[in-house]
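There are two complexes below, and they share chain A, which is joined by chain B in the first and by chain C in the second.
Showing the complex of A and B:
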């Protein structure tokens, strides 16, 4: 991606609707609320290219050295309205996303504070990478993960600057499809595309 | 017409006249006119009030409800019922145009012993009155020997008024057994009565006039058991017309109707207790004063005895005479005081007599005099029960003025006091356990249905507007408290009875209904109010909030979203209680019309902008995806 998007995220109408931040008791309304929140989270993450979403208010996630975490505090906290979504409710939104395969907790037990948000699922990422490989005639060549994420060649492609873990998941999909092979050590992973 | 059509209240009960008191209610009764059943009047409730007897039909209450005024009732008779025939009370109307000469004087002339019958009204009177056949139109009196049934002449020197145990009585001419004094006495009296010219109707022993108790006792003392002096008895077995003195039929020996009437009241299934109904009807057109449209009330569900007792009392009291009567004068001084002390009494003539004193001194003096008089009125009223009854009207009026004063002083609970004052006059009209009779299906059900009706009346009464004041909906608990308060601390209704009665509204077709919210809160509202209407009203109000700016700055776009409302706001807006408002809001939320917002300001409800129909778009994306996939697959030719 060439530059940080200058335009701030355009929140949907509901974002300024105070009851939107209260868990609804009516099941139908609650479902509608969840879907809207899910859509909002995905749109927001896509807009700011957020791969890891922190549930706790502090956005600084410890170990992720990739992509400078965008301040996500305004996603669940409408400062203008002074309304915020409670952590429990956020978690329920994430769970709602998870059911669709659009999110995943970092900690596989599902208790962590940070979750991957798949505004593109690993499968979709795999497709994107695959078409990039084909488009750039890189079949048979070996690339490191670092090259894929931060290399000069991939600058401008969709997956440039993406989260390493998500990328590895996407590559894993490719491996399963028999289109790639991963080898190497922890920090110097290499991928060979077929 | 003896029976008049009546108006019913909203609760399908007779609307009472002023000062009318409900005395008794009994369900499962039917009406007869003469000997025939009145069509469409065979299953209903009968209301005995101090003024009337009202019949309210169960199936078609508005159409077939009738009443008759007690003042038009000449007399009433009791029939205890026999086998399948239920107990009945016959009401005989006063003759409309005929001379109101009471055939009482001859009866009295014959001797006081006649009046001594312990409960004359309970006699199966039809047999007595209309006997066209005199037993023996002889000039001299005869008595019938109880042993051999031979008719003996009463000795000419026998005077029923002076006779006592020591009067020598001749033995029977046939068998030689001496008769009892009572026996001969009866015979002599009946003979004297029957000889009296123009007295075919000797029904006057019936207590149409309330007799002082002392006289009654006196009369009772002077005579032993009394048979009716004249008329004959038809033997129920062989229809032979026996002399009334006989205890058993002359022909067949069957026992005749016992004149020991209290015993009859106990309703022993005696085979010989022939119903007076058929008896009356057999002489369908009596030549005398019998009005054809006598009305019978048939008590199929019991309760006739209490009804009879109360009817007797009310005809004795004759409250209808009091209607419009001036307040009972206790003493001239008191009369002055009452008219003076009680503001509601229009200025009386006495007021003029007061010496004129002007200015503050005059006002003070008047005030002092009024206070004194009030004191006097209250003091005398509570002296004894009698006096209290007599001055009840004054006391009620006083209570009302006090209530008004308290209202003026207190201010805050003015409405409650007004309610109290209002209710004083209503006290008499409330169904209590005491005034309802036994019911066919358990004693309580009639009480409950009456209570349900009373409640419905209480709720829909326009003058109080209980329901209206509460915005058309009131919680059951509030209603219970209000109702019991209105009863002024007497005959309070237990919560259990109250709830049961409220549950009966639906069944009785009354214009109010009980509704249970999902939280279990029970409310009362008009039958015509539905949830849809409530929601419509709520939404209309919410829409208004889009137009009118909120009182203070709000961070959201109120043109688009309006604003959130709390239960308090809604309660204020619609006049509901807060509990009700909460329930209604939650009901609307449950329907998806509203949504909630919990914040530091409390729970607020908003129009539902969350679920606006496009809420499915996200889900749709997934399905769309799969659809697209299927489509591409098809295009490719794999499917």
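Showing the complex of A and C:
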């Protein structure tokens, strides 16, 4: 999963097409452009396992402590073409993703600068965690959130090294389904699976 | 969040506390590992700058940190052992509870059966009833079975005849396709068969008439 030298992301054809970086005025074209951008952002984040994307040009805050933050400047900035997507346009792409439930601002008011990108939605993560719990016969056992993200037991599972907040959201889905319960203090959260 | 009443027992809370403690030690170890790496780096740089005493100091610090690491390792082991003992004790508790329930139910069922004497009495009665039933069957059985036997045998014979009849018919269908070099032999066989079939047709007609 966390291959040591991550292979560089293969950008799609549109990435080297200059008008791709300019907001299109034609509604149909605009929609196609947004769809392409949304797919590109998701694929890019999935490739580098990025959970949080920053809209400002500064490098994204990849919050998982184990993986070094990946410089996402090349996602919205094609250096070869010297074209970049304006922050306003990036925001519109994020909004487009939000409509699909594939992104969410850290600040629920939607004004924040950093957004979660759900290349797996919390529901999908919840499913992955649930099947892991069942596969490893951990029903009824107590696990710490730290253990889930960085423990030795979960190394190699899909959610190893994932964003803590996204993980907690995914666990929240399981809690709603009655499959888990979160307890403990803020900095030492634990979860019990049922 | 908690629509259902909390399913977290104090034991769960205790396990969580143990596990968070373990996680903290884990993090501490990682911090120290980074530190030791840094100390070696510092020592190297100081040696390059020809500052031996301070390089030695850095290496000593590293040594001390490594001893800390070993200590935390043993502490981690203790914690993990304790966690596992707690978890195992919980399972044992469940097992004992299960055994208790099982014994209780078994006892209740035994009580419903009303003791060994009752069972013995019942078994005696059952044996009597079976013996009586056998007697009755024997008395009734003899005559009926003779009559039945004849009928059954007759039916069997009829079935056998039917099956054999169809079997010969089938072989009659297949035979002409088999190549044979001695023509006269085939002819004679065919003739015979024709005769047979002719006979059969007559027979069946008779049967229908009858």
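In this section, the second predicted complex is superposed on the first by the 182 of 194 C-alpha atoms of A that agree within 3 Å, B and C clash if a C-alpha of one lies under 4 Å from a C-alpha of the other, contacts with A are read in each partner's own complex, and residues count from 1 in each chain.
Note that a residue touches a chain if its C-beta (ideal position, glycine included) is under 8 Å from a C-beta of that chain, and two chains touch if they have at least 3 such contacts.
As the structure is a computational prediction, the values presented were derived from the model and not from experiment.
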Side-by-side fit of chain B and chain C on chain A, or clash: fit
Contacts of A:184 with chain B and chain C, given as first, second, both or neither: second
Which superposed partner A:175 touches (first chain B, second chain C, both, neither): second
More chain A residues in contact [chain B versus chain C]: B
Contacts of A:192 with chain B and chain C, given as first, second, both or neither: second
Which of chain B and chain C A:144 touches, first, second, both or neither: second
Chain B versus chain C as contact partner of A:92, first or second or both or neither: neither
Geometry of the superposed three-chain model: angle at chain A (Cα centres of chain B and chain C, steps of 10 degrees): 130
Which of chain B and chain C A:31 touches, first, second, both or neither: first
Closest approach of chain C to chain B (Cα atoms, Å): 27
Chain C-contacting residues of chain A that also contact chain B: none
Residues of chain B defined as touching chain A within the complex: 555-557, 560-561, 564, 589-590, 592, 595-599, 604, 606, 608-612, 615-619, 622
Chain C residues within the chain A interface of the complex: 1-2, 4, 6-8, 12-13, 15-17, 19-20, 23, 26-27, 87
Complex contact set, residues of chain A against chain B: 13-14, 16-22, 24-26, 28-29, 31-33, 35-36, 38-39, 80-83, 100
Chain A residues within the chain C interface of the complex: 141-144, 146-147, 150-151, 172, 175, 178, 181-184, 188, 190, 192, 194
